[in-house]
Amino acid sequence: MADKPRLSRQAMCDRIAMEFQDGWVVNLGVGIPTLCSNYVDPSRDIIYHSENGVIGYGPLAPEGEEIPHLVNAGAQKVTAAPGMAIVHHADSFSLIRGGMIDATVMGAYEVSENGDFANWRFPERKGGGIGGAMDLAACAKRVFIALVHNTRDGKPKLLHRCQLPITAPGVVTMVVTDLGLFDVTPEGFQVRELAPGWTPEEVQEHTEAELAVPDTIPEFRLRA
Amino acid sequence: MADKPRLSRQAMCDRIAMEFQDGWVVNLGVGIPTLCSNYVDPSRDIIYHSENGVIGYGPLAPEGEEIPHLVNAGAQKVTAAPGMAIVHHADSFSLIRGGMIDATVMGAYEVSENGDFANWRFPERKGGGIGGAMDLAACAKRVFIALVHNTRDGKPKLLHRCQLPITAPGVVTMVVTDLGLFDVTPEGFQVRELAPGWTPEEVQEHTEAELAVPDTIPEFRLRA
Amino acid sequence: MKNKVLPSFEAAVADVPDGSTIMVPGFGTPGTPRNLMSALVDQGATNLATISNSVNRDIAVLVEARRVRKVYCAFTAPTHPSRETPFVRMYNNDEIDAELVPQGTLAERIRAAGAGIGAFYTPTSVGTELAEDKEHREINGRTHVLEYALPADYAFIRAWRADTFGNLQFRFAQRNFNPIMAMAADVTVVEVEHEIVDAGGIDPDCIHVPGVYVDRIVKIPPEGIFD
Amino acid sequence: MKNKVLPSFEAAVADVPDGSTIMVPGFGTPGTPRNLMSALVDQGATNLATISNSVNRDIAVLVEARRVRKVYCAFTAPTHPSRETPFVRMYNNDEIDAELVPQGTLAERIRAAGAGIGAFYTPTSVGTELAEDKEHREINGRTHVLEYALPADYAFIRAWRADTFGNLQFRFAQRNFNPIMAMAADVTVVEVEHEIVDAGGIDPDCIHVPGVYVDRIVKIPPEGIFD
């Protein structure tokens, strides 16, 4: 089956970023989620927090203007936003556990309709890469997941129940994929918007979990 | 019985301060112990810590040179010693609980021969005034007590067992009173030095606990 | 960045409801939010709980007006029985509730509330009357007692310098309980002694309280410094 | 005040015995004590344990030389299975021990060690495999797990500025784990990137690690900056 075009990773992150409200403190996970900070809406001030204790960083530093000591959670060189503050690692996670993160955006291997997600370990291998994901997942006010809808060999990632060891139970409230935007509700995944040209039936074919589909589905909002 | 002259409070604190070793971090309790910082030995650097987060304060501020924001645990205006650092209250008690205080000097109502002491409450009244005494008593490397040997009506304060609710069990290692210097050992109070002119028998008369007396007792060391 | 500066102490404390728990920093005079406390007296909220090192003169005003149901602090009796205060008399007559907390445990319980730590084990108070009703646990050969986080609805903060977003700096011993209380309370209200600068006007490496913890800021007029 | 400046990294790590537990800060490059770690490689100590955010390139050198018995960190597997390191192979072959700790829990366990807190309850990891063998407790309607303090014999620190007594400042994200590790270790050894000034040369209100926690200081020569 030759698929229709899917959303770009930047379009996925633009759409997530449109959900950020003025004044929110937002933590962006490594990988796809870092693209959220490329979406700039001048009517909203977003305070980007990084696990290493940077509160209020700005866009990636232009080449030649990098400050070696100012990096985000992905070790990318970033700029300082006005009003930036620095704390140490224990204080940075105090802020996370203390409930000061309005939204965290993370990547995942799987998300399930009950709001679980998995992003740290494959059980056939020892160990895992947890980083700060469990702290953020357990304690942020909102957990948003950004992930491509299917694995490279076409397997679905929006599942009835996660197969991999989970990062936190029941915390995900919204998921963006390259096929659309989905709310996680008590009734499971609810379609909010779909990628241009895709029908609910087509997306359901790529999804294990049953999608709840409203009568009318607005078009996926792209950057103006 | 007309007593012989007793030691002054300053002499008591001078003697305690002679025990401080170069580089020690020392916390001085409110009351008599604050006088320890008046004893200056230029061969030793003592770092005075105060519960409110001041690490490395100097002598009391001369009149007219007070800094309103720089006070010790007794709310006295003090000066800054070179290398002073400021931390917040939780970090200040992290330093105490973390075992960084080489010696704390506190006042007390009673001390017992097993190293208990009491300085925070009279059981016939509700409540108490504990301040930071329990943290310091439980966690400082050495707990030194400075107190006058007897109450105003002549009752002893060096006891077999404390009668008042204790501040910490078995922590006191040295006691200075206006009658002498005493080590707290597994055998109880051991006389180290006595106030000039006082015999062990005379001091024992003013003491409930049995004093261990060495064959020779050096004279109480006074400020040169 | 959001500008959190308000024109008056009155506006800054206007919404404090009856029944609130309020953190009041200060150790001696430095770092005590005297103007906010004075505004709270005028504002009228009652049935309050306070969390502080001691029942200082500003809390005492509220206590004596019978507007405080409970205090958490490190001093619920005078060290010298002669120095009896109205609070101590009311406490001995069961007219107000109080919880005596060792100062380091108090600081750590406040810090835990801000840090999302539910409870912790400390060696402080083991073997004393204050530990009698507490859970004990041996950890690494040492006995500890269990202590719980102590959160609040409001923290009243006294800072030296702020920016308009609420990044704060303190001067010397003024810092004391202020940063941990700002982190632990739902709403943090700040009185600023020296100056309020534009957002970004404070060195990011020398900020004692990040602005994300701060909700309202008021500049103290010259007559309100009180030191 | 005591002058804690030493002439070389070699001198600063000379006494590290076999079997030591060493804290290694850093998050990405900033704040990583690369010169002290390099000196430790030359020094020869073995049977070590390390506490760090990840098995970074400097720890990896020791691991690959089979001088590390155990690592505590937040990453014991690559996020992409293709990025397999020698450490990961050794761990999968049971040739080295590892304890995977969520990053915030790791930071808090280190902080607890420095703060004299034996253990604490955190909501992080509840409901996951990492919490399976841990004690659980409901606090205020929320499930927490019990986590213990994680101390060390040595902390290797990378600071921006120091005074000769050991008061330290960090620059931006260089701070990360450095202050809490300096507090938690028995012996704290510092490499200083920018400058070492006389005791008292740093504003007391802008010190990130008080000198009482610091034992040894070495200035990094220009060729050791590495950033």
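Remarks
Note that the chains take the letters A, B, C and D in the order they are written out, and that residue 1 is the start of every chain.
In this section, contacts are C-beta pairs under 8 Å (C-beta built on N, C-alpha and C of every residue); 3 or more make two chains touch, one makes a residue touch a chain.
Computed from a predicted model, the values in this text were never measured in an experiment.
Among the remaining chains, those touching chain A and also chain C are D. Measuring from the averaged C-alpha position of chain A to that of chain D gives a distance of 29 Å.
Averaging Cα coordinates per chain places chain B and chain D 36 Å apart. Here the spacing of chain A and chain B, counted between their Cα centres, is 57 Å. Looking at chain A, one finds that residues 80, 86-87, 90, 93, 96-97, 139 touch two or more other chains.
Among the residues of chain D, those touching two or more other chains are numbered 108, 111, 115-117, 122-123, 170-172, 175, 204-205, 208. Applying the touch definition to every pair of chains gives A-C, A-D, B-C, B-D, C-D. Contact residues on chain B toward chain D in their complex (touch as defined above): 22-23, 25, 45, 47, 49, 55-56, 80, 82-87, 90, 93-100, 139. Here chain D touches chain C in the complex through residues 108, 112, 115-123, 137, 139-140, 142, 144, 148-149, 169-172, 175, 203-206, 208, going by the rule given at the top. On chain D, the positions that touch chain A within their shared complex are 27-31, 74-79, 81, 88, 91-92, 98, 100-105, 107-108, 110-111, 122-130, 160, 170-180, 208, 227.
By the touch criterion given at the top, residues 30-31, 50-54, 67-71, 75, 80, 86-90, 92-93, 96-97, 121-122, 125-135, 138-139, 165-170 of chain A touch chain D in their complex. By the touch rule above, chain C contacts chain A in their complex via residues 1-2, 111, 113-117, 163, 165, 167, 183, 198-200, 204-205, 207, 210-213.
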